[in-house]
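Shared between the two complexes below is subunit A, which has subunit B as its partner in the first and subunit C in the second.
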Partner chain A sequence: MSTTISRTAAVAPARRRRPFNARRAGAWALLLLAIAVSVLPFLWVLRTALSTNSSLASQSASLLPADFTWGAFLRVFGLQSPADAIAEGGSGAAIDFWLYLRNSVIFSSITTAGAVFFSAMAAYAFARLRWRGRNTVFSLFLGTMLVPPIFTALPNFLLIKNLDLLNTMLGMVLPYVFMTPFAIFFLRQFFLNMSREVEEAAMLDGAKHLRIFFQIVLPNAAAPLATLALLTFIGQWNEYFWPLLVGSQDDVRVLQVGLGVFKSQSPQGSPDWSGLMAATLVSALPVLILFAAFGKKIVNSIGFSGIK
Partner chain B sequence: MTTLAKPTRTARPQTGAPSPRGGYRRLGDLKIALLFIAPAMIGFTFFYVVPTIRGVYLSFTEYSILGDPEWVGLDNYTALATDPLFWNSLAVTGQYVFLNIVLQTALALGLALLMHQVAKSTLVRGALLLPYLMSNVIAALLWFWMLDYQIGVVNQFIEWAGIPRIAFFGSEEWAIPTQALINTWRHMGYTALLIFAGLQAIPHHVYEVAKLDGASPFQTFRKITIPLLRPVLVLVLVVTVIGSFQVFDTVAVTTQGGPVNATRVIQYYIYQRAFTESDFGYGSAIAVILFLILALVAFIQMKFLKGNESDLD
Partner chain C sequence: MKKSLGAVAAAAVMALSLSACGGGSSSAESAKGEINYWLWDANQLPAYQQCADDFTKAYPDIAVKITQRGWDDYWSTLTNGFVGGTAPDVFTNHLGRYGELAENKQLLALDEAVEKDNVDVSAYNEGLADLWVGQDGKRYGLPKDWDTIGLFYNKAMLTSAGISEDQMKDLTWNPQDGGTYEDVIAHLTVDKNGKRGDEAGFDKNNVDVYGLGLNGGGDSSGQTEWSYFASTTGWSHTDKNPWGTQYNYDDPKFQASMEWFAGLVSKGYMPKLETTVGASMADTFAAGKSAINAHGSWMVGQYTGYKGIEVGIAPTPVGPEGKRASMFNGLADSIWAGTKKKDASIKWVEYLASAECQDVVASKAVVFPALKASSDKAAEAFKAKGVDVTAFTEHVKNKTTFLYPITDNTAKVKGIMEPAMDAVVSGKAPASSLTQMNEQVNALFK
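Entry: the complex of A and B
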């Protein structure tokens, strides 16, 4: 981080001397093109979500919504009558998005809270405690990062099935809630760099490890813990494969899976594009809000983490 | 980072020898350590270690979930050898991986260089990162709509340009490139940020020396930037390859393996055999092969590309 600042400062005077030249203008143009490709699709999604299905085909080139309507969003939230939906060119298929939204919130929150907390405990043991076999066990934990998720998904599915936990929230969260190898790796890095001084002082006063962990280590690691929680939550919110396998019934189905169902419910002839795009936006909304609020934190974590 | 940091008299090693202040550490906090790693240990054992072993075991069985797994030795693997769908899935996945490596690395490298030259602001980086934060499902649906044959906006442009419309998802030759393009769109900014971080770490004086020596920008790029970026580029390659081999979400949401078998990638094939045809033994055998391929990729990275060593040291 500090290198960024000092290097920018060192470079800046040289730049000011030539405020404009063709190369810089060209570089900016290309960069803006890339930004447009990244961002404009979301505006197109919004435009579609505010359009009437039946008008999409005839006004397919207009940047503004075709026959502006909130109908698609109402449809997604189950507030539109089937008759109105069909009048606007929707399929009239009912989808309980409130339920999926709730399930997504529960699934992502529980797994994030559990994984971050329990991983912090383990990371503390790996970084601050001395015990035989510590490095071996840590290497084993890290090694699991190499196992492809699909490989463990099959046996995990069978385990959850044997435990009779298919289509339960418990079955959905169990594989994530105790730890993720990345979280342990991520937090261990921070814990290793903490000063021992305060910890030692507390030690001499007779504080026990649990108190040190809760009253010294966790508060002082608030920033990395928050970043990790943010990244974990977004990752869990976007998770598709495991919830698809385990949570295929309505009462535990999450938004990502619900989106797929909504898409396939559209009759082959005329997909409910407006409804589908409104649903897509609703599903992306929590991540968009988090990004608006903590964008800097997320962006700055990229260089550090390497792998999500 | 840590507000804890007070001026220390001596830099004490972070790990290793116990503190000289006697009584602070009797060697071995084993008991308390066990308490601290207990929850993680449960997750590690039951959802990583045991399933890994069980997955290998299942690959030697015939198991249709209804009865018990029945040991069949290498039968699944010999069947795989002559299974055209399996070989097709390998070929299709390989095509997808290749396209991703080329597109993503080239575009991301270009973007990182552009950012390095003209824009380091969080806003620019954030805008490029936006697609990465969306789920695969959302990326798939968004492009499924924009690339629609009839009224998708991309095909409108294509028609205006006087080129015949493209059935992005419906034609066998376009199906995999389309999936790769969606994935590239989603990951391009993220990969660029990784490379950008690597560029930031190259000391400025190296470039100044090159300039004094009269190196052309192209020479500088080839002889300095690329070699010094090698660890980051290797990381990017490995992450891209390993990620691409496990493509599933976008295929499941859009083409479901079709048209014909054009997008039946490995993970989709595993999913079909195990979960829609209840053939867990066979599905596990394909998963073992995928596991081996990914292990090989990681091994090659470590052995031959020396990804962990930087020329800077």
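Entry: the complex of A and C
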């Protein structure tokens, strides 16, 4: 109770000191505009998802859903018959939502866990171990960030094909699971800032590198690791091209690729906008939930500068 | 990316198909199991699912698994499947693609089966079955449907412009002044102030409703964009069809037609090319932004499905040679050369091409089936839904169709002509620039 009182007491005079002038009004207007710009597209997606496809084009000016229907969401979950879907101007195609969701979760989780763990090991080697040519190797590694992924897509595809791993989860995760230059760079900068004293103390106590890595470095790097994991997960969740190339069979098809059925069906035909938007919303949900849960951690870890 | 993949696919697949041919399947054994079938048009999925169910009733040993993929990803996934050995046993094939697939030994020749099972190829609409005979004289697909071009128009806009539907049926066109076709287009164009395109004071920079919708530059075939009027001048895409080796984009008759088409944009009667990127011409029509759209018969469902829009369909205009013209395109079902279930696949393809299945497709009134008899049933089914499709069927009846240009190198031709046509339609280059492009195209065949 006392805290509430003291808080209001502290806030009230502050308010009186800053009268509502033109500058504040301008700031508010800018803020509201920024909110509108970032939120309106989502509202538009939601509005389209709740519309009947065949009415969308003729009622394009209205902010409310055109001929409100849950049909698009039913379509996404495979609860609508093709005939009903076509009657609503949608796509007669069904997606096996839960199967693709499972595949997406497996694909994103394996690649995230692998990439973060192996990148941490590599970053540790680059930051804490002294070996000949370390900096040269590191610059080479950084240099690979300049190679656009499209250049490696074809060689990777042929490699995976020759390994007979097309349409397997292993083939899908292999190019991502070990490491990415960005992750190594990101973690190396963090590890460089860690204090040497703790490490030296551990060495005096007889700890080897493996133990130092697992018991000192990893626990202390929990925040940046979480950030990296979240960023990687979101990236993998949205990955489209590689899963499209390698995982075209149903049992490994991921959600992003599955959404393709709502895109244009025939040459020059319009996409099933409602279905596409509904599916996009549903597929974005897991990432939104993750973000809501761990968003604070990201902000913290970016502000965090290591043990001083 | 796609192109390089295609090249690799071609190379990798040679080896694959050789091994596939060597085995030679024994008949009774392999007509069993599950075969995979791919198509891209989800609107036809219910019809083909029913065909598959009926088929399995007739052949209990064979199950058909249908996979639908959007047009955008269909061909890249298919090519990948050829390389990776995961392609479907049977798939819907397109005239613009099958030449290259046949060249790369991806497709199973059906001649033996057609002869053995007495498939009557004369029962299909004239010319359709011949399209699927490759340069080597072998048959690579059995026709499933066909399409022609018509003019979709907004009835309310016609009424308020004082143009009758009978007038729409008798339009004429020529490359000099555009004939009554251009008159109607101009009159249906309305600017922001309500002035029509043929009235004094028309503001061509602030147009509210365009007389004619635009889908794009039309790349090498101009199927729905310009082929329906350019071909009324006696011009044709290639020296012979199918399997021509010379393209005719340097013909003055063609260039005059394109000059007229690009002129519609500069006069403000047709939207600018850049506004069509990422937009659907049909949706723009439904939003009331264009009064007439030249489009294919496969779009009937979409145009008549819009709520609150009354749509009529008129035949394409009569040209200088006194006839209408429409590209005649057809799809077919082909078998992948690498299939492990050859006999079952042949049975399924023959079933897809049979009256049993094509009548089912006809009854859904989505496309026109390839068989003459089923085609008529489809027209009836459309009529029952209140849609008059004579604009499309008349082309076939009056033999005013010309075939989709089938040649080698179609992907490369498209690669050269797409930017060239875009430049002409957007007014960045004169139609005479196509002469030089034509030389590049023809050099591909030397």
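Methods note: the second predicted complex is superposed on the first by the 218 of 308 C-alpha atoms of A that agree within 3 Å, B and C clash if a C-alpha of one lies under 4 Å from a C-alpha of the other, contacts with A are read in each partner's own complex, and residues count from 1 in each chain.
Everything that follows uses one rule, which is that a contact is a pair of C-beta atoms (placed from the backbone, for glycine too) under 8 Å apart; a residue touches a chain by one contact, two chains touch by 3 or more.
Just so you know, these numbers come straight off a predicted model, no measurement behind them.
In the overlay built on the shared chain, the residue A:Thr52 is in contact with subunit C alone; subunit B does not reach it. Shared-chain residue A:Ile150: touches subunit B and subunit C both. When the two structures are aligned on the shared chain, A:Phe118 is found in touch with subunit B, with no touch to subunit C. In the superposition on chain A, A:Leu158 contacts both subunit B and subunit C.
By the document's definition of touching, neither partner reaches A:Trp242: not subunit B, not subunit C.
In the superposition on chain A, A:Gln265 contacts subunit C only, with no contact to subunit B.
Of the two partner chains, neither subunit B nor subunit C is touched by A:Phe182. By the touch criterion defined above, A:Asp67 lies against subunit C but remains apart from subunit B after alignment on the C-alpha atoms of chain A. Touch criterion met: A:Asn167 reaches subunit C, while subunit B stays clear of it.
Between subunit B and subunit C, B contacts the larger number of subunit A residues.
Subunit A uses residues 56-57, 60, 150, 154, 157-158, 161, 244-245, 260, 263 to touch subunit B in one structure and subunit C in the other.
Chain contact summary for the complex, subunit A toward subunit C: residues 52, 54-60, 67, 82-83, 86, 89, 91-93, 150, 153-154, 157-158, 161, 166-167, 244-245, 248-250, 260-272. Contacts from subunit C toward subunit A in the complex involve residues 1, 4-5, 8, 40-46, 49, 67-73, 76-77, 80-81, 83-86, 215, 224, 280-288, 295-296, 298-299, 301-302, 305-309. Here subunit B touches subunit A in the complex through residues 1-6, 8, 12, 14-15, 18-19, 21, 24-25, 27-30, 32-34, 36-37, 39-44, 46-52, 54-55, 58, 65, 107, 110-111, 114-115, 117-120, 122, 124-131, 133-138, 141-146, 148, 150-151, 153, 156, 185, 188-190, 193-194, 196-197, 200-201, 204, 235, 239, 242, 245-246, 248-249, 252-253, 267, 270-271, 274-275, 280, 283-284, 287-288, 290-291, 294-295, 298, going by the rule given at the top.
Interface residues of subunit A facing subunit B in the complex, by the touch rule stated above, are 3-4, 7-8, 10-11, 24, 27-28, 30-31, 34-35, 37-39, 41-42, 44-45, 48, 56-57, 60-61, 118-119, 121-122, 124-126, 129-132, 134, 137, 140-141, 144, 146-152, 154-159, 161, 174-179, 181, 184, 190, 192-200, 203-204, 209, 213, 216, 220, 223, 234, 237-241, 244-245, 256, 259-260, 263, 273, 276-277, 280, 283-284, 287, 291, 295-296, 298-300, 302-303, 306-307.
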